[in-house]
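The two complexes that follow have subunit A in common; it is paired with subunit B in the first and with subunit C in the second.
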Partner chain A sequence: MEIKSDYSTTGNLRKTLLMMIPMLLLTFLFISGGKPDFSNKVNVFAFLLTFLFFNWLFFMILFTGKTNRYRKTGFIVLALFFSFTFILNLIQMRGSMTFSDNNLLSCEIPFCHIVSTMVIIPAVVTKTIIFPGRINEGFASISSMLVIITGISVAVGRGFCSWGCFYGGWDDGCSGILAKPLIKKVNPVFKWMPFAVLLIVALSAAVTLSPTYCMWLCPFKTITEYQKVTNLEVLFQTIIFLILFAGLVLVLPILTKKRIQCATFCPMGALLSFTNKVNIFGLGIDKDKCNNCLNCTKVCPTFSITAKDVEKGKSDFTCTKCGKCIDACSKKAIHYHIKGTPVNKNHSLNRILFLMPSFTLLLIFTGRPLLNGIELIIKLITTGSLI
Partner chain B sequence: MGYYDGILLGLSTGSVCLAYCGPVLIPYMLGENNTISRNYLDVSLFLAGRLAAYIAIGFITGVLGKFLLQPSPLSSMITGISYIVLSLLLILYGFYQFKEVCLGRSKSRMDSASGKNKTILVPLTGGILTGLNICPPFVLAIAKAAALHNITKSTVFFILFFAGTSVFFIPLPFLGFFKRQQVLRTIGKFAAILSGVVYLYKGIMITFN
Partner chain C sequence: MKHLTVIPAYIWAFSCTLIILFTFMGNPFLAKKLATLPFMKVNPVFSGGDITRSYSQDSLVITVYKPVFESLIGSSNHGFVQVKLAGVNQLPQIIHCTIDYDADSKADFCLNINTASNETKLESLNPLVTAINVSSRVKNYWVVRVNLEKNTRR
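Presenting the complex of A and B:
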């Protein structure tokens, strides 16, 4: 059934403002956490700045019709402010970014979404949670993160990798530094590497009953927390994660203009790709409009559109729904699409229906870190100290 | 070194087994145009053949390990070095398109050429022959089993290695994955490289500790 109403907000101020109403309410709710703290000027200023920032982003996405440009801004802010506030939080609690054996034994390690790839099999088979974190209390508990990830998978599938992941903004940001790539050809076969990483870490974690990816491979320990170097093995692990961070998250994304860590290494991305299969949102290509220029295949940061996919009229199941190909398509042939509906109809409605949950996701993960980060920066300026 | 290692090695390299040696059974099943239940029977016979081959190899390896490789500093060094060599082989295997010795493949070709693939012997012998396939994961399994220095343990290790690799054959009768067979091969190669790196580290640790 075709819905006759025109939901297009591009260039239409009245419709854009109308569509903004739910987001204004959601921004207020998620930034304040339901309990707005206006006890002092700093809090009010930080709240207003965060509130305006998100609503400006959403307004621009709707009004200009450009998705990726403004999503990316919010996504980079998420990555930077998450790391900034996380590290400061650790320094306040522990005095440094490192954790000790005591922290491990007392289960004080925050649970990140990537660990989900390793805890499921041991939890089912041995009824053991192999990660040294809190089950259902405190900061970033295991149960809350698993529930959030499951909900996100249902809502936006692998869209999480471009709208909610608090690490993805690092290589997304680095991939946009150069105007043109210095390494022009990257073999797209590497997009299957995360599935191999997923296979190996899930199995090795199940057999050794330890989070092997966190111990050996996670590049993001560089900007979160890492084990105190007390022996040769930990030193070796530290060298590995520093090299991986420098290579996969900083240098290669800059040189290739691709999200190398997300596209070729992250096991969570591989796991979420499967959720794309059941998620209702995808990217559809209107073959009547497409002139086969294949610009979309060149700009896709995760190798998720190939010439074959263009022929099929949809992106591959590894798509992170960032919207870069949509912005880049000169013929406006690529659209957010609800599976099972015609590709050439209801573009604007489908876009709005996708943007609402995905932008809310960005808001949920970015809101508090940005608010806290702004408060800390004001504190630094006014008192000269962050702690 | 525990029995778990057998399952781990099997599970981590099973996709390679499926991607490279699965085609022994697949053309046969496609050619026969069987029902899913019949396909399951064929897969079961195929796996039974592989199990027989693995038990035999596990027994022989155990005998060799017991009488020729008694625990000593020298034997642990030999094990470590063999891990290193075989891990490098596994990594190379991932990077390059090896023309491996896969006897079952030629058997399958022979059968389809002559049209003699009507009996249960085809998947059974296919299973035995692919079970003897000399590929790096298989050689690595031999090295690990030999290091157990015990005939029973070595045989059990190979049975578990078989169980690990066999998991990947369960969806085979549905045949829907053929569209992505090349992808599966690619993932298998990457997984082989990663497994190789893990075993390389283990090998270095055993050798120099």
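Presenting the complex of A and C:
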């Protein structure tokens, strides 16, 4: 039997609409950036579409009680529109997706959150940042991104990987393409791989004083920016990241229905797993309701629930809080849990308290790219040009 | 005893939304504060290091940077020196200059650059100067990094 607290919005239109009020305000604020631009019909249309899209997502999450389906929709939109607008911006500024010696020498490469895994040791030892970016000016400056990563780590821990990462939507989307996996068994031991990758890239970056993961391994250069091929070394790096993108982000997630890149390779995921240890939100499993069907262990895209975790009554510290296991549990035994509170009480309140920061995160990261993307698509349709 | 953790846990959970809002809305302020911390500067391997001197030669303004021999601990035996070349009015098509990077009044290397064809030739006048690391136009000036070996006999 489901425990319904006073905060349960599932199937209750009045309560859902009441809970929507703060999100309506936040959506307006973050999409418009505080200064709504209604100077022409295209802007108004793009704004309305973005505004309605987010509020529809949040409404459905509250009203249906299902989290993952609607989160995933927003998350895939984030990945697609972030890449689309980011690449177009680069083309407008530089004329191509590639960066050259010119951009490296003038230290104007945007700082991505994954770089933070490599800058920590050199920052402590040499008191410098080993990245050719801007300290505090322009788009994605180093200090601005470090503040964002710290705030997110404190607020939602590794929830970032399912609610805010602008890359995760690629393999999350690909993992949902097939109805059933073609590769049915993936050894969960692979979930420890990101920790090995983290250790290797953190140490190699410290020794070489260069962001080794960005240079040699990052598959997401395929859908953001990469170095212009001018020599054999860069050609080799290009081949590696293209193969990794095809394998880890596209093919293997499709075949396994798992987020292979996030679960088995991303060093940022490993770093954020540690913040999960101290983060207030987690997943709790009510052992009185659980019938040990272990469906949760099968559907988890990041191998974060095993039979042992079910026994312990909580997900592993690598959990990205996507909500897929919660939606899949036929006994409604899994819930968002606030550490320090009883596992079998106040599920609805806990869920809302988790959804507010995590959905706000999704909104903040997706809002502007979606708005700009819609405007660009309208421009393409009406003028035949994106630039 | 259990109640003692419940109330702070809910307060903390509620404040997570505020943390997210503060992180993004207060980002310009927080980022500015963070940028003032001592470790918040780009490593010389990427920035080229500190400027040691700047002088005019023919129609060029030459800026010489401090040689960079960075390593995690101590210093490396291999490094580079960055030189920035700007035109007094505009960047000439052919640049020919001699550089004394260690300010010992002896020229250490000559650079011959064709800015139109991106061709750079290095003439080493000092055994510690080994090769061109990178040579590229940056905005309206030209930047050259020349590889160096550390003088271990000093």
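Everything that follows uses one rule, which is that the second predicted complex is superposed on the first by the 382 of 387 C-alpha atoms of A that agree within 3 Å, B and C clash if a C-alpha of one lies under 4 Å from a C-alpha of the other, contacts with A are read in each partner's own complex, and residues count from 1 in each chain.
The rule we apply is simple: a residue touches a chain if its C-beta (ideal position, glycine included) is under 8 Å from a C-beta of that chain, and two chains touch if they have at least 3 such contacts.
Quick caveat: nothing in here was measured; it's all calculated off a predicted structure.
Undergrad: Once both complexes are superposed via subunit A, do subunit B and subunit C end up clashing or fitting?
TA: fit
Undergrad: Mind telling me which of the two, subunit B or subunit C, contacts the most residues of subunit A?
TA: Comparing subunit B with subunit C, the partner touching more subunit A residues is C.
Undergrad: Taking the superposition on A as described, I'd like to know which of subunit B and subunit C A:N43 touches: first, second, both or neither.
TA: neither
Undergrad: Which partner does A:T238 contact after superposing on A: first (subunit B), second (subunit C), both, neither?
TA: Neither partner.
Undergrad: Touch check for A:I200: first (subunit B), second (subunit C), both, or neither?
TA: In the superposition, A:I200 touches subunit B alone.
Undergrad: Which of the two partners, first being subunit B and second being subunit C, lies in contact with A:W192: first, second, both, or neither?
TA: A:W192 sits against subunit B, while subunit C stays out of touch.
Undergrad: A:T297 in the overlay: touching subunit B, subunit C, both, or neither? Say first, second, both or neither.
TA: neither
Undergrad: Considering only the touch criterion stated at the top, classify A:T224 as touching first (subunit B), second (subunit C), both, or neither.
TA: It touches nothing on subunit B or subunit C.
Undergrad: In the overlay of the two complexes, what angle sits at the CA centre of subunit A between those of subunit B and subunit C, given in steps of 10 degrees?
TA: Roughly 60 degrees separate the directions to subunit B and subunit C.
Undergrad: Once both complexes sit on top of each other, what is the least C-alpha distance from subunit B to subunit C, rounded to whole angstrom?
TA: After superposing on chain A, subunit B and subunit C come no closer than 7 Å at C-alpha.
Undergrad: Identify the residues of subunit A that lie in both the subunit B contact region and the subunit C contact region.
TA: The answer is residues 207 of subunit A.
Undergrad: Using the touch rule from the top, collect the residues of subunit B that touch subunit A in their complex.
TA: Going through subunit B, the ones touching subunit A are 4-5, 7-8, 11-12, 15, 183, 186-191, 193-195, 198.
Undergrad: Per the contact definition, I'd like the list of subunit A residues that touch subunit B in the complex.
TA: That would be residues 189, 192-193, 195-197, 199-200, 203-204, 207 of subunit A.
Undergrad: Hey, which residues of subunit C end up touching subunit A in the complex?
TA: Checking each residue of subunit C against subunit A gives 2, 5-6, 8-10, 12-14, 16-17, 19-24, 27-28, 30-32, 34-35, 38-48, 70-73, 134-139, 143.
Undergrad: Quick check: in the complex, which residue numbers of subunit A touch subunit C?
TA: The contact residues of subunit A facing subunit C are 26, 30, 100-102, 104-107, 121-133, 135-136, 141-144, 146-148, 150-152, 154-156, 206-207, 209-210, 280-281, 338-342, 349-350, 353-354, 356-357, 360-361, 364.
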